[in-house]
Amino acid sequence: MGASTIRRTAAVAAVLLAATACGGRGDDGGGTAASGACKGQQTTGITDKSIKLGGIYPLSGPASAYGDIPKGIKAYFDYVNAEQNGIGGRKVEFLVRDDGYQPPKAVEEARRLVEQEQVFALFQTLGTPSTAATWDYTNQRKVPQVFVATGASLWGTDTRHPWTIGWQPNYVSEARVYARYLKTDRPAAKVAVLYQNDDFGKDLLGGFKKAIAGSGVKVVAEQSYEVSDPSIDPQMRNLAGSKADVFLNVTTPKFGSQALAADARNTDWNPLHIVNNVAASRTVLQPVGFKNVQGVVSATYYKDPTDPQWNDDAEMRLYRAKMKQYAPGADPNIPYHAFGWAVASSFHKAMQAAKCPTREGLRDSVRNLNNVQVDMLLPGVTLQTGPDDGFPIESMQLMRFKGERWELFGNVIDTRKEFGPLTD
Amino acid sequence: MSETANTANTASTANEAAAEPAEVQAPGRDASGEPGSWGARLRDAAVERWRPIALAALLLAACYAPFQLVPFRVFQLTMVLVYAVALLGLNLLVGHAGQISLGHGAFFAVGAYAAALMLDRWDVPYLLTLPVAAAVAFVLGLGLGVPAVRLHGLYLALVTLSIAVFLVPLLKRFESVTGGSMGLTLTKPAPPAWTGLAEDQWLYFLALAVAVAAFLLARNLLRSRVGRALHAVRDNEAAAEVMGVRLPFYKTLAFAWSAMFAGAAGCVYTWVIGFVSPDSFPVTLSITLLAGIVVGGLGSLSGPLLGGLFVMFVPSWSQDINKAAPGVIFGLLIIAVMYVAPTGLAGLAGRAAGRIRRTLRRE
Amino acid sequence: MSTPDDDFLVVEDLHAGYGGARVLHGVSLTVGRGEVCAILGPNGAGKTTLLRALCGMVKGRGAVRLGGTGLLGRPPDAVARLGVAHVPEGRGTFLPLTVEENLRLGAFTRRDRAAVQADLERVHGYFPVLRKRLKQQAGSLSGGEQQMLALGRALMLRPRLLLLDEPSLGLAPMVTRELFGIVRSINEEERTTVVVVEQNAHLALGIARQAHVLETGRIVLSGPAERIRADEQVARSYLGYRV
Amino acid sequence: MAGFAQQVVEGMGAGAIYAGLALALVLIHRFTGIVNFAQGELAMFSTYVAWQFMDAGLPFWAALAITLTVSFTGGMLIERVVIRPVEGAPELTMVIVTVGLFIFVNAAAGWIWSFLIKDFPNPFPDGALRAGGVAVGYPTLGILAVVGLVMGLLYLLFRHTGIGLGMRAVAADPDSARLVGIRVGRTLALGWGLAATVGAVSGVLVAPLLFLEPNMMGGVLIYAFAAATLGGFDSPAGAVVGGLVVGVAETLAGAYVDVVGSDLKIGVPLVIILVVLLLRPQGLFGRATVERA
């Protein structure tokens, strides 16, 4: 206390006053509206020449690996801007902010993008917690929050947040694909499950249990891990003790590799190994050694850039060329880049299909996608939404690892057709 | 006059320095502003009259800000206040009682969850959640404080860190109560119609009211007998014990209070964010809070506010500077502040203001 | 004319302090080789600061030369490597280490292993009590034993100059007398130059040849120890305490 | 019974991993009295250095030798550049500087090498030693052996060399250390260099098991803290025993105590530590130093 306090107080006051002097509150949001056929609809962030989007990803902290996704998106938009005159003549400006996978930061960044940057829409927020923390806000402000990068089923089943929509197949749908495979291929399978103790792991495990209910397939052991755990070896040992004949590996990449390696090391236990899509990229399998992951099963919906079967695929060649041109520092083999490319081209299609170049137009467009084909997705996987369907991608195809690559097998499974719509 | 101020300043630093080789400096001891000589006392007296004016100006600016700023900025300032309240509690413990806690995020989370559960399950009026959340955190702090105060420095830091580590899986385990890893989404407090305020402004004023109350409470606590006992504990534990300070009692109390402030901050956090999940309160939150208070300035009342500003704004600046790796900049900035101001920004701000004032007087 | 031996340690116009607080205001003195010099004075006179300035613990202005080599501006470890052993206020014992390790640390800068071993024996000779406690933690020693350990550690350097800061502090009178006896015999047997700061002027003057009285950072009285001792009246008026 | 013995063995395997990093933490703490939050990240960074050299075609042992040298130099450099400017500041300030270093190193590694996991070769052969129904993997044996070796070397360094004695003197009382002629700054830098080297060893040991990525050591750090605390934070042997106890306790609790389960097993070592600290505040192996009055 004493003289120093007053000096500090004065300094703080000065800082605050300086901050307040930065500009008036003005008209809240400063939004603009369209005229003509789309009269009254919001045109904030969009002009005839430009469209401004904002994305929120973890560029720092434990989930930073996902920070590669926006690089693929940026490359796609740069390519479209430079070579196709943008989306319908509108150049895309894509702003990326870091939330470190922390919900309060996500809220702050969402507000910054919407209020300060005046973006047209939030194009992707990554992670269930960050999306759940922001979607009340975006829906109150009537800002589209499209193609969020999380597979929680909530985004599609919820009806009170029309401005928020997912993109990738939800975890429950993926679980259903594995359940059906086991029910037909191994009707008496005893399954051991390793899952990440969060929304992702629990959603997938819950969906799986529901889908096998009443069949001969049984979950005989389940073990969870925290993302802060150094290793999942103890869990793997406990699962091995169950003598299950199927191992369902519901993990994120690092732990996926650890679980695959642990399974390979344990020569006493040789179950059928199913690895979920999040950890099914070749970048996860390669460190384990291809010889150790033969016969592993997974399901996918977009093209893995490291899979040689797409070497001559037109879209993959375009992707590789444009990544080299517009994101020279980024390795096109990283599947997150391809994911970003795929989701960006999905946005491109949705925006083109919008009846009005407005926020309302985008909201309606992403909820009315009719068999839209995106070339980075697997053949047969399309975007499909409707009044009672809030899940753009619901098809997946099973694949098995053989030699040095994934081999697709069976047909593309449309989970909605197979199992009916997801309701909760 | 300028001459007086100068001598006073050198004299007081000199005293500090002279004392230093003989005694080990207590953690977080504020090195800059201890009135040391008659000159400093004279200056204090002169400055005493200005303090209320400066504080009033600060408060006025704080009340004026939400009407000038865009809602996004108002939200940021609201979060600064939330962090400041939590740091105020941490300051009591670390800055005034000399105990290191790396688990403050846990008490923050407890307050946040307490408020969230009350709002979600029982539709408790939100204003009522504040005292309850603070009380829950206080009781928990008291309970954990009893064993914790038997530990010293490093060990206390580790045990508190353990609490923060353990809380996340614990919240997930009791899914039926806490909503598990999906968390709980809540409706934010709506501004009463008579205020004519927007939601962000209303939340800001709620946070401001809580922060002002917390600052007053902290100030009075420190001025009381208890505060003096805490300082005695910090500066020389053995001597304090000899003087008859009941150590375990005061240390436990400091622990519980600091938990209470964190709990109150957590409650306001729930109002403002409207969403709680286990992953909202990772271990890094606790570490960030500790970094915040040390960077802000331990042992001073303005430290928590400056720390809150740091915690809120610096990560954003970091990513403006280096999009590819914001952590590189953030890490460097923390280190840089510690170089420039080993006693925190409060000390630095004080020195800077002092220098400016002296310069002004000379002219 | 003075011989090199007469001004083995030369202090000229030494100013020193902490931060902006000046404690010494131009102290000058010389100590001959093999002499014991006592620095006397009341609390806060700057005695400890003078020793700290000599060994580099605090920065000083002016000049300090030991056998012609300037000491000012060198860090304490460099001064120690020049053969200056300082037994600081509070004894500077490494409490968690054993007695033997403490003694060995005194010879840290020496490379002549055989001679170090011999010196260890020599120190045991001076302080038989330490020999019995070699493997014991230094922190477990009594105050007197710790002071002996500190002195022993300083001797392990084979110092050219030994600085002693209040060796009697906190010790029983009998222990103090024993200690001073040892300092005297060290000085006599090894011709080690000693500067001793003491409140107990009587004891210090008993072993010193020269003495200086320091008051508020200035030397107010200098002379042969006998004369200072004899001139008790002068001492009392300057020192303000009984001899 | 064999199942139980197997769990104990596996727990020791995990514990050896924690012990490796705990050794580095204990080293720094002994010399400088600070808890280095960045220790795990420095180890991770060192491991990337090793990876980079191997990626360039160097054999494992050559890459390791270079990495240890680089880590030693790097550790000394960090002491000079990052820690020295705040020397003498309150302990907490130093701790926060290491927190800043943690964030910086973590982000820098991600920036340089990306956050995708990398394969790291295992210096030990696959397979396991089997005896009485218990299988001990060679990698586990290898890690235990290396950690034991490092502990032994540190013990020799501390107890039987002049440098080690000087280091302990600096740790005990830097001011007095200066008075006996020890170059304290150089010794502190040496301590950082050594700790970084030991950290590099631990990083290289765990990377084949955990897979190399910037957050590899984050989880290990918490357990290493626990191990070091249990051991008393200034005894290398304590760090190793602490690591093993933590590893075994965690593994057994996760396997046999149903209420705990795999999600709450992290609580077990924490509870053990709390109990140990309450009964024996200086840790299992820490010596209560006699306080100066």
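So that you can tell them apart, the chains are marked A, B, C and D in the order they are listed, and the count of residues begins at 1 in each.
Convention: a residue touches a chain if its C-beta (ideal position, glycine included) is under 8 Å from a C-beta of that chain, and two chains touch if they have at least 3 such contacts.
On a predicted model such as this, the values are computed, not experimentally measured, just so you know.
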item	value
Minimum number of chain-to-chain contact steps, subunit A to subunit D	1
Chain pair with the most C-beta contacts	A-B
Distance from the mean Cα position of subunit D to that of subunit B, given in whole angstrom	32
Intercentroid distance (Cα basis), subunit C paired with subunit B, Å	48
Chain centre separation in whole Å, for subunit C relative to subunit A (CA means)	74
Whole-Å gap separating subunit A and subunit B, where each centre is the average of the chain's CA atoms	36
Contacts with two or more other chains, residues of subunit C listed in rising order	57
For subunit D, residues contacting two or more additional chains	103, 107, 110, 175, 222, 263, 266, 291
Multi-partner residues of subunit A (each touching 2 or more other chains)	60, 62, 197, 226, 228
Residue numbers on subunit D that touch subunit B, as the complex places them	29, 35, 37, 82, 85-86, 89-93, 95-97, 99-108, 110-111, 175, 222, 225-226, 229, 233, 263-264, 266-267, 270, 273-274, 277-278, 281, 291
Subunit A partner contacts - residues on subunit B that touch it in the complex	30, 32-35, 40, 43-44, 47, 50-51, 54-55, 57-58, 61-62, 64-73, 75-77, 79, 165, 168-169, 172, 180-183, 185, 188, 198, 269, 273-275, 277-280, 282-285, 297, 300-302, 305-306, 309, 315-316, 319, 323-327, 330, 346-347, 349-350, 352-354, 357
Interface residues, subunit C side, partner subunit D - complex	55, 57, 75-77, 80-81, 85-86, 88, 90, 92-97, 101, 104-106, 108-109, 137, 139-140, 153, 157
Subunit A - residues contacting subunit D, complex	60, 62, 64-65, 67-68, 197, 223-226, 228-231, 233-235, 237-238, 241, 253-254, 257-258, 261, 265, 283-284, 286-289, 331, 334
Residues of subunit D touching subunit C in the complex	162, 165-166, 168-169, 172-173, 175-184, 287, 289-292
